[in-house]
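Note that the chains take the letters A, B, C and D in the order they are written out, and that residue 1 is the start of every chain.
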Amino acid sequence: MIKAGQPAPPWSTTQWFNSPQPLQLADLRGRVVILHTFQMLCPGCVFQALPQTQKLHQLFSGEDAIVVGLHTVFEHHEAMTPTALAAFIHEFRLGFPIGVDEPGNGGPLPKTMAAYGLRGTPSLLLIDREGVVRYHNFGQEDDMELGATVARLIAR
Amino acid sequence: MIKAGQPAPPWSTTQWFNSPQPLQLADLRGRVVILHTFQMLCPGCVFQALPQTQKLHQLFSGEDAIVVGLHTVFEHHEAMTPTALAAFIHEFRLGFPIGVDEPGNGGPLPKTMAAYGLRGTPSLLLIDREGVVRYHNFGQEDDMELGATVARLIAR
Amino acid sequence: MIKAGQPAPPWSTTQWFNSPQPLQLADLRGRVVILHTFQMLCPGCVFQALPQTQKLHQLFSGEDAIVVGLHTVFEHHEAMTPTALAAFIHEFRLGFPIGVDEPGNGGPLPKTMAAYGLRGTPSLLLIDREGVVRYHNFGQEDDMELGATVARLIAR
Amino acid sequence: MIKAGQPAPPWSTTQWFNSPQPLQLADLRGRVVILHTFQMLCPGCVFQALPQTQKLHQLFSGEDAIVVGLHTVFEHHEAMTPTALAAFIHEFRLGFPIGVDEPGNGGPLPKTMAAYGLRGTPSLLLIDREGVVRYHNFGQEDDMELGATVARLIAR
């Protein structure tokens, strides 16, 4: 599992939604990156983390920071296809850029998920302006604490 | 739209989950039927109506009543396939019988949805022991009021 | 503790709010009585039980049933006076009749609380049309289950 | 109404809870002061603002910041006495220092409330390390946004 202090690995994606072009982590240098990894049929993502991420997007996306979603499908691959994801993004009105993690070679884990050592979904990573991971957590986040953490990282 | 006092039309389904065999409305005569119609990518269903229906199932399914779900897909047909629904039911731990409404001939509306004149998802119908619709509503329900309505129908 | 099947003892009260005259349990024979006992500075009452009781009042108070509150102060007597209760009822917009339980002789427990053997606040009692206790519980209630229980008692 | 950019007036208080000695704003210079003004029988305070302030206290009170409550009673004075407040603080487990605003001369408004031009309860003021008001709002606050605002003020 990638930890605070380690450089964030590049992303391997096959497709993007809500973005005119594929996003590369290297191109976002200079901005704090709020990276939310999820699966569209994960209840903890749907009920809690995705509405929270949408709020992060409304509060923080701009010159200083950007919220990026990553669809890291590691189960029910036949159900959580990019086609299904497109309908999900539309119906749940997600407004931030979302990339589709590249399927792995032979195993269920997609490539970026494996490179980051994610423990499951939802996982949240905060990456500083230099591309270094400053926070990595699997599970729920508290709104107030998360707002403070992101603001501190932007103010560093 | 089928209204209170009208007989409930039979269901046209292609597949069932959480049930050893297809359910026919006629076979449920004698029990109050709580019929919840939904789509797996409908936010109002996911956030509010499906957790409520799961609670109805825990409180009321038995000799006197049965909770039945019906997946009435009228949009994003390519995303909300029976394969995707199976994963959704598993991940969201839905325990009540769920039928897949039969696709319509040429139009987006599935057959049972058309026969009942449903206005959208979620829609709730309460059908009495004789097969007559006693309640039909599109949208949110209040927990306390719904609990009372179902109990009254069972006690009639 | 008064249990289901036992007759509900009469109430000893010193004052009433939201009622033109003192209510006596005997005068309510023929109606289901939903008796909610609380303290104005009890967090479980304020956050959960009182809003729920207000909803019960809106749904059920009428010819068949009546919601009655009883302020059973057994601690912080100097803070939860009838004067303070009046302000509380006004600010929290409680609309159902509320009686003040009569202070006990020498001990902290008020008289009706002692007669009913209440275990604390909030406690809920459902009393049938004949004045017999049918439900007595200390703590939280689920909205859907409570709605059904009250409806069943009215329909008996 | 005291606005952002203006120096915060001193407080006039008669009593303190959760503090070994009376707090003076001047003594807190060097720390960000999160000043929450409330009334114990104000529903918006009880349901939303006080639980939020308790959370602010847990997250931010320390060397850099301090959460301070001020009981600004402007109505129902006979009900919201310091004696009643003591019971309220105990039952609702509030852990931050709380001062009692000094009653006004002849009018219902207490002195600090008048000096700050508060519009009602709950009102929140954020005061910077130099004693200058940086934020003043009457009503609800969003957890995430508030966490970010406080963190930014501490990081300035």
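The definition used in the following text is that a contact is a pair of C-beta atoms (placed from the backbone, for glycine too) under 8 Å apart; a residue touches a chain by one contact, two chains touch by 3 or more.
Just so it is clear, the structure is predicted and the values come from calculations on it, not from any experiment.
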### Message
For chain C and chain D, which third chains touch each of them?
### Response
none
### Message
Relative to chain C, which chain's C-alpha centre is the most remote?
### Response
A
### Task
For chain B and chain D, let me know how many angstrom lie between their CA-based centres, rounded off.
50
### Query
Between chain A and chain D, what is the gap in Å from one C-alpha centre to the other?
37
### Multi-partner residues of chain B (at least 2 other chains)
none
### Query
Which of line, ring, star, complete or other matches the graph of chains that touch?
ring
### Query
For chain C, which residues count as touching chain B in their complex?
52, 55-56, 59-60, 142-152, 155
### Task
Show which residues of chain A lie in contact with chain B when the two form their complex.
41-43, 46-47, 76, 78-81, 83-84, 86-88, 90-92
